[in-house]
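Quick one: the structure is below, questions incoming.
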Amino acid sequence: MYTQFTTILLFLIIGACMVPLILLVGRYLRPANPDPKKLSTYECGELPKGNSWVQFNLRFYVIAILFLIFDVEIAFMFPVAVTFRQWVTSSQAKGVLIFSEIILFIAILLIGFVYAWTKGDFEWIKGLQKKQIDPRFRGDDLK
Amino acid sequence: MTSLPEFLKELFESWPLLGILPVWFYSIVAIFGLLFLFLFPFAGVAVYVERKIAGDIQARIGPNVVGPYGILQWIADALKLLLKEDIIPTNADKKLFILSPMLIFISGACAYAVIPFADNVILANLNIGIFYLLAITSMVTLGLILGGWASNNKWSLLGGLRAAAQVVSYEIPVALSILTVVLVTGTLDMAQIVKMQGPFYWNIFHNPFLFISACIYYIAALAEANRTPFDIPEADSELVSGYNTEYSGMRFAIFFLIEYAECFIICAVATTLFLGGWHLPFFDLSSLTLGLRIPLQIMVFMTKSILLLLTMMWIRWTLPRYRVDQLMKLCWEVFVPFSFACLIGTAFWMVLFKGKGIPELILGLFVS
Amino acid sequence: MTSYDSLFYVFAAVTIIPAIVTVFHPNILYAALSLFGSFFGVAGIYVLLGADFIAATQVLIYVGGILVLILFAVMLSKNIYGMTFQDEKKKKILPTLFGILLLGFLIKLITTVHWNTTLSEEGPLPTTAALGNLLLTEYLLPFELASVLLLAALIGAIILARSK
Amino acid sequence: MTVELHHYLILSSILFVLGIIGIISRKNSIGILMGIELVMNACGINFVAFSKYIASDFSGQIFALFIFVIAAAEVVVALAIVLRIYQNKATIDIEEVKDLKC
């Protein structure tokens, strides 16, 4: 096992060094004459206005929550899935047992999934389809 | 079953000087070989091929100036990017701006460590192969957020956040499809997964649910790599170029390179998990001698993966782009429920038929 | 010193130095980012301890999940133009002193106790299938309860985070 | 010096103490959360080290897995609370959130 992970470690180190290395190769070849205009933020030719580090919508966060919870669930399922074949092929009773255990585990979490679905948390633009919005304010809602 | 470094070590055991070198030396050789002989040229050629295909689909010629049929175009592109000025905007957060391509490069390149190109030709034969791949590719999200944030550009930030939201959303169906395969194979080891399949027996034909799973994997992985029709994060008509708007020269080239590297990983993983890896249909390669077997296996593996990659390019230039709300809806209201259903369905199939797939069942009918 | 030992010290350094940055850096965004190194170092330590599956899970959940969530929260919680994420300056001397005292106590404790270590000679075993078997037999109840906990966290967090 | 159990224990206690310092000294609630993450990682190292050196089975690794679950659940809910407080009070400073209602 350690031999294999040594390769992984070496790969990680080489991968981390590769990017500076690639940049170093071109260092003496490429021009470097910066000017303030060139170094300014690109906003389609307009003068950049304000800082872009502004607060963004909370829906990104809701997506991240859903992801993290399901990610943990999937990480938990992997060892179980690895033993699944062994149990299933050994005997019928054990197969039914492991099947029901897995189903119970998934079903509990699917309650949460169904809850989020029915409450409309998967709608990117919430409520836009449901309620008729005055076209004058539509832009606000889309922000 | 060994990994490539150990295999090389064994191969050169009797040689005078090379025999005494430790395994990790061969690891380094193999890694550099993979990067410089495969990854970088492959990405370049893929860019050329994609431009040619785009030309064909849109009824124009595509690159045709550098070399015959423009075949050297990718070298010219690489040289051009090398000679471009490296610009870091004054408003950007410089440290994070530099860190972001590094993170993306590591997560894209290190996934190649567990791709089984042929018998014994796998950089690191990990017990947890496919799970390692999931873990290491999940790092890309961090790179995307940082790239978008560090640029201090509205387009970049929005692109980076959209990319992160999209990648994390589509990681769920991808991981669930992989889990479905693991239910059937009972191992996470990539080489072992290929070994479990055979000339007549590919995982995709194991049961109908696994077939749906394979389709879900392919489409969801397409979205995870931010390819059209799911390229919302770099939608050039909305966001200029998304999270890499402010990147120029070689830094941009790294983003570009890793995009193609990721595309190949998706196809290679699909080949390994669902399409029998290096196995040729109806012809058993394992009886051949070593010198003949390994090149043939690599060719079979590459052919399958490249066919999938070409399909990806075909899709890219044929279908229009999704809208961001449709994209999220598609993931959470179609792919996630369906992949859960496939997972449960496959588990049920396994219990019902004691782990036998359709090919085995049919074979069993003939035998009895 | 074998290569195993030197790798331990490397990973220990990779774990602890970013952790120090996390605790003392005034900029909360950089503090969050240096957690990345810390999490990776801990994954390396897990590999040294023969827990390959746990190491990969560490990367998947901490680096790919929790860190992304923390970064989202950091970016969501300050929106004032041009303002960096300076943590308000507060005296850190007292907590640090307390920490050093606590550390001294713990190290004293660890080095005085005689640990009955039994190390099997056969080296690291494949873990994943063994973990699965344990989860389905001995730890079945915690396994199902983990699902309940995740359900509670999911619903609670969604209700809290949902924009009104 | 060969690496033994107590090396791992000392490493995890350093991490633990750093986490505790972070929890006490930070005013920013997300910073406190990061301290808690460090403490949880220290716990994980301890469990896995004991599982290798003392128990010689995989029960410690199972506990490390449960730590991941708890860490994920905790961070999800805690950050949701932080964001809710931020929306209502425009601050994430833990000392300015003194009353229970928000």
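Each chain carries a letter (A, B, C and D) given by its place in the written order, and its residues are counted from 1.
Criterion: contacts are C-beta pairs under 8 Å (C-beta built on N, C-alpha and C of every residue); 3 or more make two chains touch, one makes a residue touch a chain.
Every value quoted in this text rests on a predicted model; they were computed, and no experiment measured them.
Asker: Of the chain pairs A-B and B-C, which one is connected by the greater count of C-beta contacts?
Answerer: When the contacts at A-B and B-C are counted, A-B has more.
Asker: Find the most central chain, measuring centrality by the gap between its CA centroid and the centroid of all protein CA atoms shown.
Answerer: Taking the mean of all protein C-alpha atoms as reference, the closest chain is A.
Asker: Taking the mean of the C-alpha atoms as each chain's centre, how many Å separate subunit A from subunit B?
Answerer: Centre-to-centre distance between subunit A and subunit B: 17 Å.
Asker: Per the centroid of Cα atoms for each chain, what is the distance between subunit B and subunit D, given in Å?
Answerer: Measuring from centre to centre gives 34 Å for this pair.
Asker: With centres defined as the mean C-alpha position, give me the subunit B-subunit C separation in Å.
Answerer: 29
Asker: Round to the nearest whole Å and give the separation of the Cα centres of subunit C and subunit D.
Answerer: 7
Asker: Where does subunit A touch two or more other chains at once, residue-wise?
Answerer: In subunit A, residues 1, 5, 51, 53, 56, 58, 60-61, 64-69, 71-72, 75-76, 78, 81-84, 86, 106 touch at least two other chains, as defined above.
Asker: What are the residues of subunit C that contact at least two other chains?
Answerer: Where subunit C meets two or more other chains at a single residue, that happens at 4, 50, 52-53, 57, 60-61, 64-66, 68-69, 72-73, 75-76, 127-128, 131, 135, 146, 150, 153-154, 157-158, 161.
Asker: Send over the residues of subunit B in touch with two or more other chains.
Answerer: Those would be 126-127, 131-132, 138, 149, 164, 168, 171, 188.
Asker: Name the touching chain pairs, please: which are they?
Answerer: Final set of chain pairs in contact is A-B, A-C, A-D, B-C, C-D.
Asker: Would you mind writing out the residues of subunit C in touch with subunit B in their complex?
Answerer: Listed in rising order, the residues are 33, 36, 52-53, 56-57, 59-60, 63-65, 67-68, 71-72, 75, 126-128.
Asker: Mind pulling up the subunit C residues that touch subunit D in the complex?
Answerer: 1-2, 4-5, 8, 12, 15-16, 19-20, 22-23, 28, 31-32, 35, 38-39, 42, 45-46, 48-51, 53-54, 57-58, 61-62, 65-66, 69-70, 72-74, 76-77, 87-88, 90, 92, 95-96, 98-100, 102-103, 106-107, 110-111, 115-120, 127, 130-131, 134-135, 138-139, 142, 146, 149-150, 152-154, 156-158, 160-161
Asker: Note which residues of subunit A are touching subunit D in the complex, please.
Answerer: Interface residues on the subunit A side: 58, 61, 65, 68-69, 71-72, 75-76.
Asker: Using the touch rule from the top, collect the residues of subunit A that touch subunit C in their complex.
Answerer: My answer: residues 1-2, 5, 9, 50-51, 53-62, 64-69, 71-73, 75-76, 78-84, 86-87, 98, 101, 104-106, 108-109, 111-112, 115-116, 119, 121, 126.
Asker: Can you tell me which positions in subunit D touch subunit C when the two form their complex?
Answerer: Touch list, subunit D to subunit C: 1-11, 13-22, 24-28, 30-31, 33-35, 37-38, 41, 44-45, 48-49, 51-54, 56, 58-59, 61-62, 64-66, 68-77, 79-84, 86, 92-93.
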